[in-house]
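Notes to accompany the following structure.
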Amino acid sequence: MSIRVTVWGENVHEHKNKIVAQIYPLLMHGTIAAALNGNKGITATTVTLQDAEHGLTKEKLAETDVLIWWGHVAHGDVADEIVERVCDAVWGGMGVIFLHSAHFSKPFKRLMGAPCNLYWREAGERERLWVTSRHHPIAAGIPEHFELEYEEMYGEPFGVPEPLETVFISWFAGGEVFRSGLTYKRGAGKIFYFRPGHETYPTYHDANVQRVIANAVKWAYNPEARIADPHDGPNRTVAEALEPIVERGPRLHQDGEAGYR
Amino acid sequence: MSIRVTVWGENVHEHKNKIVAQIYPLLMHGTIAAALNGNKGITATTVTLQDAEHGLTKEKLAETDVLIWWGHVAHGDVADEIVERVCDAVWGGMGVIFLHSAHFSKPFKRLMGAPCNLYWREAGERERLWVTSRHHPIAAGIPEHFELEYEEMYGEPFGVPEPLETVFISWFAGGEVFRSGLTYKRGAGKIFYFRPGHETYPTYHDANVQRVIANAVKWAYNPEARIADPHDGPNRTVAEALEPIVERGPRLHQDGEAGYR
Amino acid sequence: MSIRVTVWGENVHEHKNKIVAQIYPLLMHGTIAAALNGNKGITATTVTLQDAEHGLTKEKLAETDVLIWWGHVAHGDVADEIVERVCDAVWGGMGVIFLHSAHFSKPFKRLMGAPCNLYWREAGERERLWVTSRHHPIAAGIPEHFELEYEEMYGEPFGVPEPLETVFISWFAGGEVFRSGLTYKRGAGKIFYFRPGHETYPTYHDANVQRVIANAVKWAYNPEARIADPHDGPNRTVAEALEPIVERGPRLHQDGEAGYR
Amino acid sequence: MSIRVTVWGENVHEHKNKIVAQIYPLLMHGTIAAALNGNKGITATTVTLQDAEHGLTKEKLAETDVLIWWGHVAHGDVADEIVERVCDAVWGGMGVIFLHSAHFSKPFKRLMGAPCNLYWREAGERERLWVTSRHHPIAAGIPEHFELEYEEMYGEPFGVPEPLETVFISWFAGGEVFRSGLTYKRGAGKIFYFRPGHETYPTYHDANVQRVIANAVKWAYNPEARIADPHDGPNRTVAEALEPIVERGPRLHQDGEAGYR
């Protein structure tokens, strides 16, 4: 069976900015999805901010194994209710990949619990990505370093939590460095942040970038059934205890009640 | 100079429940603060949910080096604006310690980006805490294991991100285990979660528990000045670049503009 | 293509101790390998301490995707040269799983860089393993907790480095806890430590234990080609630099020389 | 009381290479120690490879709170027995800081359990270090970035385990990046690796470098008593069990025996 990927696109600059439109005639999310569909075992579809519920209905998320998120200019337009729904899916086991300026997207910030801020410069400068974790599955088939001749600079300190593993670090011509590939887990869901992808440059046409994203999809995919209620915190009564215990001392709660939140 | 600690108390069950009132005549936050004030180099004060702005005004947070949070029944009564203010202080460098049922408090969940759920049972059962990180400063002076004869059970899986370090793991008489002491960093702020402290038991009178909390205060304290805007993500222009670069390619932004959020 | 597993058995107590021989008529390594061979996509063979080069010739390691190690009484009999060869294979990308008393085996201690010590008691007591990382692939299909009615106790503090992820924690009837499933990466190789498996108990006949080991094999497997020299630290000359630089200042080395070790 | 630092110097190139001798008239270890002695609360002394037992007698290690290690050309001349003694002290709680080419020193490789390899180029190129962990105590008082105009390049992938925290990442003029400040814990001991310090450049005269090393000393220092035997793995008998248990099933061991290694 194929891994079902949903590529979420903000879908704004492709229509407002001639350069973006020229570089990405399939739109950005369409370009990313098309590249993924070139991989055996991956089936990618797209949704956008402008769709009803931003395209992220409960049904769509239930059929999504891995979500990919690209946004930049319209983070504030994403409804909080949808953000919570996306996070619930991640906590329940859905994989998710955040690309480039999605570092400031609502769901990424929500999952990180941190400011996710950084320095930036839009000057079409050279970026060189270095693999820092040998043989990491997300770097499979990627050389020890590869270049993107034109990219926006993102610079450290990057305001994110310490990751499980640092997979890529970028060098920039203007003198900065950046942790460009980071893995996390939140609840049952695996998360990958990948830096490149400014909309005025042809980054998502780059073969190495496409390969990293496809690798990350396979890495983030979890075949287990989604957890229905990822917030569930059940009472286990004395009668249900795994070892024989006797209730002692004063108590606040009654057996089987929901607990305070 | 002394480390300035603010102990935040929900302050509800102490007034509604006779047992809690009897065990904690100084109230829970008052008991915790009094124990801390017995340590050289620590000055603790208290605030509560019922205070204006829950006692967490901008001024109070600016004068707080380490915040301690205990809440249980009234998590939902904490205003979202105050939660963001607390998180801003943490991201800016304030230390914070979450105790027991604060695992479901708004600021803890906000900082973790995860459900923070668990199993629980209120049966006055024996808890034994084991040190898992030898010589960790939070475990200084603590024996390899110590017991709390009466405690509420919290059981794994605990829905939190992988910590920087696991400092304590608890054994429960009813057959469960729990990661009871966990360290994190979010932004510039250090975070410690410490499990024990159900309000119907005398846990905060226990010498080992008091010692762990005092150790954690010293560990979480950061003498550096608070970061004024922990969300700041500034543009660094071509002219400001650290290495000489020439602007190339198309662009979306003007020099020095704020960037999209 | 199948994942090629080599199960390394110390193969001593099976021949000296009647109880062990009765519980494991296929020998311990044979039992583990037989269970693995019941999984589609895994082909397991066995070697032992008594084989020439302990069965771990260069050729055998080159054909091993994942090595499993069980040893207890004869850690000191393993030749240091073979230990280095095993570690070279791990650093080059081979997966490895250490079982139970292999916590004190030479290759595990070598890869951890730590004492790997613990408390222990052989009393046939109940062990209950709890999953601490929801939906971790090593816990796939495993319930939130499972029991081994008769096991040796291992107790914290466990003298190992902080893992990438803690997957299981054990509860023991005698009052101890232990981090029973831990993941690491060293060089290009993935490492899993799994606690259960004292030789006088039928642990490796347990379906959950067998499932965990099979899951761990799939997790530790890396399809990429083994790194030929995992210690290689090459000089990159000025002429080979990725950005144009001019040699400056005094120097110790000549171009392309091997560097000091 | 002062933190007692021992700076270990290889002490070879200072005597063989005129340039090194000119830059470091106090020798390298002497320069590092002199800078540390300018800090209130730190008392630094030096020992060298050529001293009896390389200066690292049991008595000297017992009086050392934090050891600093610089070596390059003579890693192989360090006796294995002394390496084990150093590691025992670290596992028992001594802090240790490895500088620059000490990435290939025997004790660092021993503690990492990994190849610790990297790319390198000696061309006097510009290195810029970026702080990646805001308000980390090792970066206290250090600007977000600082430069060393002449340094040897070290390039990723750096063959070390994932650290507890990445504190610095370096940018190099020739196009490489490197994780330059990494924290670890092994046994009870804290470890910091800090990249800069090639002997033909005046790196240890740099105020920022001196500050980082002094900060790292304070971070690595542990006031608790050294663990006498960091390898101890004691039997806890049925009679000593913390909960009442009855011995069951077959057994290999007698009460209180040492266990197999």
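As written, the chain order gives the labels A, B, C and D, with residue 1 at the start of each chain.
One rule holds in what follows: a contact is a pair of C-beta atoms (placed from the backbone, for glycine too) under 8 Å apart; a residue touches a chain by one contact, two chains touch by 3 or more.
What you see is a predicted model; the values in this text were computed from it and never measured.
In the contact between chain A and chain B, the residue numbers used by both copies make up over half of all numbers at that interface. Averaging C-alpha coordinates per chain and comparing to chain B, the farthest chain turns out to be C.
Separation between the centroids of chain A and chain D, computed from CA atoms only, is 36 Å.
A straight line joining the Cα centres of chain A and chain B is 27 Å long. Per-chain CA centroids place chain B at a distance of 31 Å from chain D. Annotation for chain D: residues touching 2 or more other chains are 128, 133-134, 155, 159, 162, 164-165, 173, 175-176, 185, 187, 242-243. Interface residues of chain B, counted against chain A in their complex, comprise 13, 17, 19, 72-76, 87, 91, 101, 104, 110-115, 117-125, 150, 153, 155, 159, 161-162, 164, 173-176, 184-187, 199-201, 230-238, 241-243, 245-253, 259-261.
Those residues of chain D that touch chain B in the shared complex are 93, 128, 133-135, 137, 140, 145, 164-165, 173, 185, 187-189, 222-224, 227, 242-243.
The touching residues of chain B, when paired with chain C in their complex, are 128, 130-134, 144, 155-159, 162, 164-166, 169-172, 175-177, 179.
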